[in-house]
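The two complexes that follow have chain A in common; it is paired with chain B in the first and with chain C in the second.
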Partner chain A sequence: MERHEAGGKQEALRKPFRWHILVFLLPAATVYTLVMIYPLAETLRLSLFREVDNSPIFVGLANFADLFFDSRWSDQFWNALWNNIYFFIVNMLVQNPIGIALAALLSIPRLRGRSFYRTAIFLPTLLSFVIVGFGWKLILSPLWGVAPTLLDFVGLKFLFAPWLGKEAYALTTVALVSVWQFIGLPMILIYAALLSIPEELMEAAECDGVTGFAQFWKIKLPLILPTIGIISILTFVGNFNAFDLIYTMQGALAGPNFSTDLLGTLLYRTFFGHQLQLGDPHMGATVATMMFLIILSGVALYLFVIQRRITRYQM
Partner chain B sequence: MRISNRSLTRSALVHLILGGYTIIALFPVILIAINSFKSRKAIFRSPLSFPDTDSFSLIGYETVLKQGDFFGYFLNSLSVTLVSLFFVLLFGAMAAFALSEYRFRGNTLTGLYLALGIMIPIRLGTVAILQMMADLQLVNTLWSLILVYTAQGLPLAIFILSEFMRQISDDLKNAGRIDGLSEYVIFYRLVLPLVRPALATVAVFTMIPIWNDLWFPLILAPGEETKTITLGAQVFIGQFVTNWNAVLAALTLAIVPVLILYVIFSRQLIAGITSGAVK
Partner chain C sequence: MDKKTCKVGTRFTAGITATAFGAAFALSAVSASAEDVTLTIESWRNDDLEIWNSKIIPAFEAQNPGIKILFAPTAPAEYNAALNTKLQAGTAGDLITCRPFDASLQLFEKGHLASVNDVAGMENFSPVAKSGWSTDDAATTFCVPMASVIHGFIYNKDAFKEVGVEAPTTEAEFFAALDKIKEEGSYIPMSMGTADQWEAATMGYQNIGPNYWKGEEGRLALIAGKQKLTDDAWVEPYRVLAKWKDYLGDGFEAQSYPDSQNLFTLGRAAVYPAGSWEISGFNVQADFELGAFLPPVKTAGDTCYISDHVDIALGMNAKGKNTEAAKTFLSWVASAEFAEIYANSLPGFFPLASHDVKLEDPLAQEFVTWRAKCESTIRSTYQILSRGTPNLENNTWVASANVIKGSDSPEDAAKDLQDGLASWYKPQQ
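After this line comes the complex of A and B, so read on.
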């Protein structure tokens, strides 16, 4: 709008206001602002208020103090936060190395059946959490006995336990199911990055006698570091926002005894309530704000530190 | 001779690893599908074998079709996904065109503002979104979902499409301008057809999370009339936990649409990723 006035003053010199730019931008900007940015900002604002006698009262950071220190909330919050960090670490350490290894194998020149492998390994990524969650729940169930039978094939039957029902194993098991589901993403992105490495570079390496594993480790890996950075931040955002898989496999109470509780399931329970407590929008907003801050700091760390430190090679 | 032997072992090893992982990736899906066609006894007695004339049974599917309105859920999912997709593509392409074509004050800033949503999940605004939808009386309508998914899909769509639109030659558009075409006609007739492959890529990326989402249907539209197939399957399975035939049949029915879409679009999807659409 400023532009319009400025144009008005110097009508003879300047082009007329270009309405079409506004027309092109307005629908997207309106929906995005009203349905995404405004609710985000409003959620941050709600976390500073509390409901007293049916009217919201400004309480500053008191909700956050409760969340961190008042045992009604803090036990669950710290539990969910540590679980979430553990969930992220398992995903990073298992999903990404295996994804990179699969991509490296897929990008071997003249590999037969490449597109079949690629399509099959990517398939779980597209399945909904309901399918993935319940499917694995059935497979791991001691009632059905598929998992012990399979372990018996390889002589490891003694390893079987009802993993999802044991506090000590449940979170790791759910994290590994999440790895199974999303491994296609790092695989396909790394695969694309490996394909974009020029042929001549590899030929030069072969002339110098750098082949096989050494070639991957010393030449290709440094070249795909930026993509590994992207995968890491995508995993981070996805993991600290995860809800669906826990909800379908372990329910809103993230059992057994909250051992699989993540920030997402905590947000759901705090906001909507469950058997043991009433829902509270303001505490819900407080949990959401913490998730926002965690994700924002992860993204900022990536954009301003990691991404700048990574050496990029012109190819 | 030694060299060719070595490369043979090496390629066998590669196929062993890739094939092994392929089995891990497909095994659960196949296991669910084959057991959904078996009688309850056979599901437990021999879960790993294919159904034969003895064990074949459609009892699970009969229960699903009788008890749950899966066809209605499916239509809900389909309309929410298609309408959201339409708005994401249309509004996204328009905004991407404005950002990539014109130089105006605040261009970079607008681009950054619209890109914020790529990394920050819309889910974190749920508390306020529910409040807003309640105020607008949109709770338990498909429109609440469509609005949320349109907002959710726009940032990435705008980002990818403007990257592609920057590559279109100026000569073509300027020739159009000399011929007296308006900016709207240039967008619709010249630019849109040229970015069709990018639109298809964006469509696939937008579609999958919408179809699979459980959070917003659960919160904004849990009513029987507005249940999506993902939520419908979740609720149905929750009610029929002990009826394994029904659960396996419901899971298989939920897999089928995704599988069909994947077979149709997998080339497009993987080509889109490998061509660098998301770099």
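After this line comes the complex of A and C, so read on.
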């Protein structure tokens, strides 16, 4: 009897299909489909074709086989991929520790002029790649740059080299410029995370005798770990999409000797062509698809494996 | 991924905008005078708009009543994409400015450009001049050549006087002069950098190279597969380039193209490996006397060869409505009058027809006299050989920069180029 009544109640409570949800979702879904999903699907489709006698022909995964194994393409592809990984490693190793350190310094309660530092360090992030690229190119120029003069002031002129023109240093130099530009992001995010740690927690720690550096390592760092995770994944996506900085500093041929070639510049040359090289939309789409898959798998790895293992604390 | 979609989007919009503008222009022109035929010229040379409107077009229209010309350029970077869109939509102008080699060849093969074999005046052009806009078998030419650029060395006459050296003619004299300038110490002997890479290939390898591979003879033999890039004639220029390193400025590895130009025009360097397109800029920037000398030959008395590279031409829209008028204009482009106006308005861009043209600019005149003294050729990588993957032109940039920096030996660099070319080019296999 009771059960029947309960069932009847449920029946009465069941609402009609809520059409308005669909209607509200529709504009965003349409726009997103048009500008994101459709081009993405089209790119994936394009990579399975090849132009023969002015008409596209389905070739399955042959373009990918060329990209991985035919030395005409694979040399460039693996070189760009390795450079990209190196670019990412430099970004992670330099940007995050410095970002955390800066955030930790900023969150010292006694610090004067905090908002000035915060703004000054964050400012380059807002600048256009073109300004950053050309600015640094000028600073580092062996002819008119201030870098040799400044090094001379402190007696370190012998350390100066035309870094952007040397195969051994060019990629590291460009990666460090990228770090300089984006250092503000990890700083500001971690700073926000540090500020959200309640004061009582620190007081309790102090009562237990955990102070100074120990306090940072044992209490603050575990608490901001999820933020560092987010920053890492943002850096990963940004780095594997990177193109602008290399293009403005080193040109589309990513010299010297392709030592600064990233997947982005390889894609640009392949898709749009360069000087006498005519653009090849199909091989270009193949490179683009690989970039998509690399970024997708990196993000998936983070979401499903790493993020689940990070312990979150309720604060 | 994002980048790609976004770029395509821009290109598309640019195309549409350009088309819309083109149509608007055409409409207004037609309504202005209904009886006249109006020919629209598609071009990427928006820098030349003033010269076309004030000099070239009035000169033509004065002689050909009934034909009006509208010069409608697009931004250089957007030209190819915008032109393709217009041609496909059938809204392109009657006359089309042609990029050299494969970009235009593709348009001809797709039926967008008409043959100009029967245009009066085509007999004024040499096969080298026509090579940039002919089918591979040279049977059909589809654009009327307009101008070329010549390679050589521009030097600071005051600096040479000060140091006490003469313009060199042989390779030994060339290096002796550079040595002397270096010893004297007040000038950087030569202004070039490898940061942008193309300078090393274009102003280095393609500049001095023709003397070693004997111009057209070597270039055509390479295309036919009878010579290889690893042959002595093709490696020797690299051996010479490898010696340039000692005469370039400090940190030349990171010196870019504008850096090199400034270094020379500021009077800090004595020699500038050049293309003639620098002339008008240098005339304005430099406050010392400029001279030019030929790429030095191996031994005195050798035949000299120059890179007289075809750069710009004018073709006819195959689906255009005013074919007869377009032909009239094209044959005027092939005439001595056009050559004279064009060459004097844009010193450094030399007419390709065999007319005897009087140039007012002394430096440009110096360059153009070389045509009579030396054999002309074009850059070796441009015709046919840069069609495949890996791209020979791109690789030549990289190889030339590596050789000058000393990070690659001339022999290794040549072998890399040859391997790359042989991997797709049948006659070289």
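Miscellaneous remarks
Please note the rule applied: the second predicted complex is superposed on the first by the 289 of 315 C-alpha atoms of A that agree within 3 Å, B and C clash if a C-alpha of one lies under 4 Å from a C-alpha of the other, contacts with A are read in each partner's own complex, and residues count from 1 in each chain.
By our rule, a residue touches a chain if its C-beta (ideal position, glycine included) is under 8 Å from a C-beta of that chain, and two chains touch if they have at least 3 such contacts.
Please read all numbers here as calculations on a predicted model, not as lab measurements.
By the touch criterion defined above, A:28 reaches chain B but does not reach chain C. Of the two partner chains, chain B is the only one touched by A:120; chain C is not.
Touch criterion met: A:39 reaches chain B and chain C at once. Applying the stated contact rule after C-alpha superposition, one finds that A:165 touches chain C and leaves chain B untouched.
In the superposition on chain A, contact is made by A:241 with both chain B and chain C. By the touch criterion defined above, A:292 lies against chain B and chain C together after alignment on the C-alpha atoms of chain A. In the overlay built on the shared chain, the residue A:271 is in contact with chain B and with chain C. Of the two partner chains, chain B is the only one that A:146 touches; chain C does not reach it. A count of residues in chain A touched by chain B and by chain C gives the higher number to B.
Shared contact residues of chain A with chain B and chain C: 35-36, 39-40, 43, 144, 241, 243, 264, 267, 271-272, 284-285, 288, 291-292, 295.
Interface residues of chain A, counted against chain B in their complex, comprise 2-3, 18, 20-21, 23-25, 27-29, 31-32, 34-40, 42-43, 46, 98, 101-102, 105-106, 108, 111-113, 116-124, 126-132, 134-136, 138-139, 144-146, 149, 180, 183-184, 188-189, 191-192, 195-196, 227, 230, 233, 237, 241, 243-244, 247-248, 264, 267, 271-272, 281, 284-285, 288-289, 291-292, 295-296, 299. Touching chain A in their complex are the following residues of chain B: 11, 14-15, 17-19, 21-22, 24-26, 28-29, 31-32, 43-44, 47-48, 87, 90-92, 94-95, 97-99, 102, 104-105, 110, 114, 116-117, 119-129, 131-132, 147-148, 150-152, 154-155, 158, 182-184, 187, 208, 211-215, 219, 230, 233-234, 237, 244, 247-248, 251, 254-255, 258-259, 261-262, 266, 270, 273-276, 278-279.
Interface residues of chain A, counted against chain C in their complex, comprise 35-36, 39-40, 43, 54, 71-73, 76, 137, 140-144, 161-167, 241, 243, 250-251, 253, 255-258, 264, 267-269, 271-272, 274-278, 280, 283-285, 288, 291-292, 295. Partner chain A is touched in their complex by these residues of chain C: 1-5, 7-8, 101-103, 106, 110, 193-198, 249-256, 259, 263, 381-382, 386-387, 389-394, 397-398, 401-402, 405, 407-408, 420, 423-424.
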